[in-house]
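Two complexes follow with chain A in common, the first pairing it with chain B and the second with chain C.
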Partner chain A sequence: MIEVNNVTFRYSGEAEEGIAPALEEVTLRIDEGETIALIGHNGSGKSTLARLLAAIVLPQRGSVIVDGLRTDAGGESLWQIRQSVGLVFQNPDDQLVTNTVIDEIAFGPENLGLPRFEIEERVEEMLDLLDLRPYARHAVSDLSQGQKQRLAVAGVLAMRPRYLILDEPTTMIPGHTAEQLLETVRRLARERGISVLHITHHMYELADFDRVIVMNRGRVLLDGTPASVLRHREELERAGLGLPLITQLGQRLRARGWSQLPEVILTLDDLKAALCSLK
Partner chain B sequence: MIEISRHISFGQYVDNGSRLTRLDPRAKILCFALAVAAFTYISQFAALALCLFFCLFLQWLSRLPLRYVLQGMRMFISFLVILYAFQVLFYTSSTQATSVIWHWGVLTISWEGLIHSTQVDLRVIFLYYLTSLLMLTTSLVDLADGAEALLRPLRRLGLPVHELVMVFVIALKFVPLLITEVERLSIAQATRGVRFGRGNPWQRIRALSGIIVPLFMSGLQRVEMLSTAMEARCYRAGYRGWRRSKLHALQWTGADSLALACCLLLCGLLVALNFVSPF
Partner chain C sequence: MLFEVKDVYYTRMRGTPFAVEALKGCSLTIPEGKITAIVGPTQAGKSTLLLTLLGLFRPSRGSVLFRGQDIHQAAFDLEALRLRVGIVFQSPEAQLFEETVGKDVSFGPRRKKLSPAQSRRLVQESLEAVGLPYEEFRTRYIASLSGGQKRRVAIAGVLALEPEAILFDEPTAGLDPQGRQELLALLQRLKTERRLTIVLTSSSLADVAMLADQVIVLHEGRVVLSGSPRTVLAHAEELLALDITLPEITQIALGLRSLWPALRCDVLTLDELEEELVRFLPHAASQETQLSSP
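So, the complex of A and B:
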C-alpha cells in the first residue's frame, strides 16, 4: 500500500518567484492490485506526484509511505522503494539507457545485483510478455516509438515492481498502439496483482480503470470510480477537462428525451447495451 | 541538412552475428587501440595502402553492407574535403624546398602540400572508419564492460572507473539521438522559412544558431531525464557497497587471441613498411 499524507512539494526557486507549489496538501492511498487513472491539465501536479511516489523527489511537508517505508528515510529503504515502484516516462528515448533490446531489459535486474540465471529468466519472460521476442536482437534505434515504449515498460517490469506508474506513456504513440499497450499493462496488473497508476490527459482512457483521480492546481479535485467522477461535469470543465465524447453523446440523448439511459456512459459498448435494453 | 541521420552511422549498433560482433569486447578494444596507434604513426603511401587492405578485410569480416557504412561516412568525408582544400592552400613546408604548382597571394598549391594533406586525410578517414566499425559491431553494454575490465587496475589508484566508462558510453548513446534532434530542429526551422546554406556567412551562422541553442537545451533536458530514469531503476553509481551483476559474462576465446595476434602482426608490418618504403 502507498500512503500519501498531506504532502506539499515545491520545486527549488519557485517560492522566490511567487509560483504556487506543484503539490499542496495532497492525501491519498493506493491499494495493492488497484488500477488507477490520474488525470489533470498540464501543470496540475500529476508528474510531480509520480516522482514523489517513486522517491525521485522528496516531499517538503507530509510523507509518502510505500509498504511501510518512508521515502524520506534515506539509506537502503530508498532503493527498496525504487524497486517496488516502477516508473515509465512519457518519451521512451529519455529512459532507454542501452542500445539493444536485451541489454535494456537486463539493465534494472543487473542494478539489483541478481544472479545471471535470474536476469536471463526475467529477460526471456519480458520478451514474451511485451511481445518483443521478434526484436530481441534489434538495436533500440531500429524500433518504432510504440515498440520503444513497450521496451521501456519491459525494462521496468523486469525489476518485478509492486506498483507501476506510467507517466503519460501514450502521448507519443498512435491510438491503436497506445490502446494495446494499456491493455497489456491492465492484463499484467490483473494477473500479477500489480497496482497501476496511469497518468494521462486523455479522458477516453479512463473507462477501463478501477479508480480515477482528478488533479487540479496541485490538489486532488475528484477521486472515485470512473462513473462517479464523470458525474461532476462542471468541476471537470473548470479544471480544463471535457467529458469523453461517448459520455457527452449519452447525456445529449438523455436531454432529448431518452431519459432511461444511464447518466454516465463510459464506452461505446455500454451505450449499445443501454440502447438495446430500451423498449 | 535535413536528412542527416541517413548520412551518419556513427554510434549505431548492428547485431548481425558476424565474427567481429562475436569477438570479446576486450579483444576489440585492444585491437582498436593498437590499430589507432599504428595508423596515427604511419605516413607513407605504401603503409596507407596496407591500411586500406586491412579496412577492407575488416569490412568483409563484419558482414555489414559496404554501402551502409560508406553512406554513414558521407557527411564526415564532405567535411574533410573542405578541410583538405584549406590544408593544401595554406600548406607551409618546413624545408622551404617546395615545388609550387600555383601561387596567388597567401594561397599556394604545391606538390608537397598535396601529398602531405592526402596522407593526413587518408589516415583520418581510416581512423574514423575504425571507430565507426567498433561501434557498429559492439553494443554499448559490451563496450562498457570491456573498457571497465581493461581499466580495472586503475581503480587501485582511486579512479572511479565504472562511472567514467558509463559517462563515456552514455555520451556515445547520445550521438544518434542528437543527430535525430538536429534533423527535427532543421525541419522545424525550414518550415518557418529558415534557409540553411544560403546567404552570407553571418546569415548562415544566424540560421545555424536556431538549431544549436535548442539542441543544447534539449540535450541538457535529456541528460537530466536519463539520469532520473536510471536512478528510478536502482542505478546507484558512487554508493558504497553497491555491486552490479552482468547478464553477459566476458569470455576470452582462441579467436580473441588470434585477432589480437593478427592485429599486433599488422601493426608491426605497418611500422616496418612505413620505415622502409620510399613513398
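So, the complex of A and C:
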C-alpha cells in the first residue's frame, strides 16, 4: 500500500514567483493490485505526484509512505522504495540507456546484483511478456516509438516492482499500439497483483481501470470508479476535461427522449447493450 | 497540379542486404492550394514519397512531375524546386542548428543574399505566422524552448524562404493533445492565409479527418485509397485492417455497425453520428409525448 498524507510540494522558485504549489494538500491511498487512471490537464500536478510516489522528489509538507517506509527517511529504505515503485517516463528515450534490447532489460537486474541465471530468466520472461522477442538482438535505436515504450516497461518490470507508474506512455505512440500496451499492463495487474497507476489525458482510456483520480490545479478533484467520476460533467469541464465521446453520445440520446439509457455509458459494448434494449 | 507522381518505384539501401522496396508503383497527384494528407502505417513509404517529391531520392522507375515538368530531366532546376517547396522533417527540432531563434530563422534569407531589412521582415513575418512574437523570441536561445516551440521555429525557418508549398513529415508525432491541436490549426492558417499547398504524412486519420482536402492512403508502397476524408472513411473497416488509427467518432460508428449494418461510418463529428444513429432507433416514448404537446 502507498499512502499519500496531506502532501504539499513546490518546485524551487515557485514561491518567489507567486506560483501556486504543484501539489497542495493531496491525500490518497493506492492498494495492492489496483489499476488506477490518473487524469488531468497540463500542469494539474499528475507528473509531480508520480515523481513523489517514486521518491524522485520529496514532499515539503506531509508524507509519502510506501509499504510502511517513508520516502523522506533516506538511507536503506530509499533503495527499497525505488525497487518497489517502478516509473516509466513519457518519452522512452529518456530512460533507455543501453545499446541492445536484451542489455536494456538486463540493466536493472544486473544493478540489483542478481545472479546470472536469474537475470537471464527475467530477460526471457520480459521478451515474451512485452512481445519483444523478434527484436531481442536489435539495437535500441532501430526500434519504433511503440517498441521503445514496451522496452521501457520491460526494463522496469524486470526489477519486479510492486507498483508500476506509467507517466503518459500513450502520448507518443499510435492509438492501437497504445491500447495493446495498456491491455498488457492491466493483465499484469490481474495476474501478479501489481498496482498500476496510468497517467493520461485521454478521457477514452478511463473505462477499463478500476479507479479514476482526476487532478486539477495541484489537488485531487474527483476519485472513484470511472462511472462515478464521469457523473460530474460540470466539474470535469471546469478542469478542462470533456466527457468521452461515447458518454456524450449516450447523454445526447437521453436528452432527445430515450430516457431509459443509462446516464453514464463507458464503453462501446455498454452503448450497444443499452441500444439493444431499446430495439 | 503541383505534383504528379506516375508509377514510381524506389528501393531504399539498394544493393545492400537491407534493401527495401519502399515505393512499388505509386501514382498520385497533389493539387495546388489544398491540404493533402498521406496516411499509412509505419513502413508504408510515406517519408520516402515526400523525399521523392523533392528529388532527394531518384525513382528507379516512373516519374515525378512538378507543374508538368519531369524533375529528373537534365534541364530541370532541382535547386529552384527546393526553394519553392519547403520540407519540415520528422522531429524538426533536430533541423535547428543556430544558437538563437532569430539566427536560425534568418539562415535561409541570408543564404538568398537578401538585404538585412528584407531578411528581418521575413523573419518577423515567419515567426508571427507560427505564433511566436518576434520581439520576444528573436534573441531566445533554441535550447531554452519547449519541444512544441522548437517545432514551430523549424516551420518558421521554412516559411522564411517564401515557399509555395511545404511538405510535413509526421508533424504531430510526439505532441500532446493540446500541442497537436495547435499544430493542426497552424497548418489550416498557412493554407487559408498564405495560400500554401500543404502535404503532410500521418499514421492516424484522427489528426487529419477535419483538416485535409484530400487523403491518400498508402500501403506497402502503393496507393490503396484516395479522396476526400469522408470518401476514405467510408472504407473504415479496410483502414483498420491496415493498422491506421481512425478518429474516435468513426470507431464508435464502426462498432455500432454490428447492430445496424447500414449505419454510415463516414461521419466526422458527434452531431453527424447522432443524426445518423437516430434514424435507426425506435421512437422514444417520452419523445412522442414531447412531439404531441404544442
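Observations
As a convention for this text, the second predicted complex is superposed on the first by the 278 of 279 C-alpha atoms of A that agree within 3 Å, B and C clash if a C-alpha of one lies under 4 Å from a C-alpha of the other, contacts with A are read in each partner's own complex, and residues count from 1 in each chain.
By our rule, a residue touches a chain if its C-beta (ideal position, glycine included) is under 8 Å from a C-beta of that chain, and two chains touch if they have at least 3 such contacts.
Just so it is clear, the structure is predicted and the values come from calculations on it, not from any experiment.
Taken together in the superposed arrangement on chain A, chain B and chain C clash.
In the superposed model, A:116 lies in contact with chain B only, and not with chain C.
In the overlay built on the shared chain, the residue A:176 is in contact with chain C alone; chain B does not reach it. Taking chain B and chain C in turn and counting the residues of chain A each one touches, the greater count comes from B. Within the superposed three-chain model, A:257 lies in touch with chain C and out of touch with chain B [touch as defined at top]. In the superposition on chain A, A:139 contacts chain B only, with no contact to chain C.
In the superposed model, A:23 lies in contact with neither chain B nor chain C. Residue contacts after overlaying the shared chain place A:272 against chain C, while chain B stays out of touching range.
Of the two partner chains, chain C is the only one touched by A:201; chain B is not. Taking chain A as the common frame, chain C overlaps chain B at a single listed stretch, which among 94-102, 130-138, 220-228 or 274-282 is 94-102. Chain A residues in contact with chain B (one complex) as well as with chain C (other complex) are 91.
Only residues 42, 173-174, 176-178, 203-204, 206, 243, 245-246, 248-249, 251-252, 255-256, 258-259, 270, 273-274, 277-278, 281-282, 284-288, 290 of chain C touch chain A when the two sit together in their complex.
Across the complex, chain A meets chain C through its residues 42, 91, 144-145, 168, 171-172, 174-176, 201-202, 204, 245-246, 248-249, 252-253, 256-259, 268, 271-272, 275-276, 278-279. Contacts from chain B toward chain A in the complex involve residues 12-15, 17, 139-141, 170, 173, 176-177, 222, 225-226, 228-236, 242-247, 249. Residues of chain A touching chain B in their complex: 51, 54, 56, 79, 82-83, 86-87, 89, 91, 93-95, 97-100, 102-103, 106-116, 119-120, 123, 137-139, 141, 155-156, 159.
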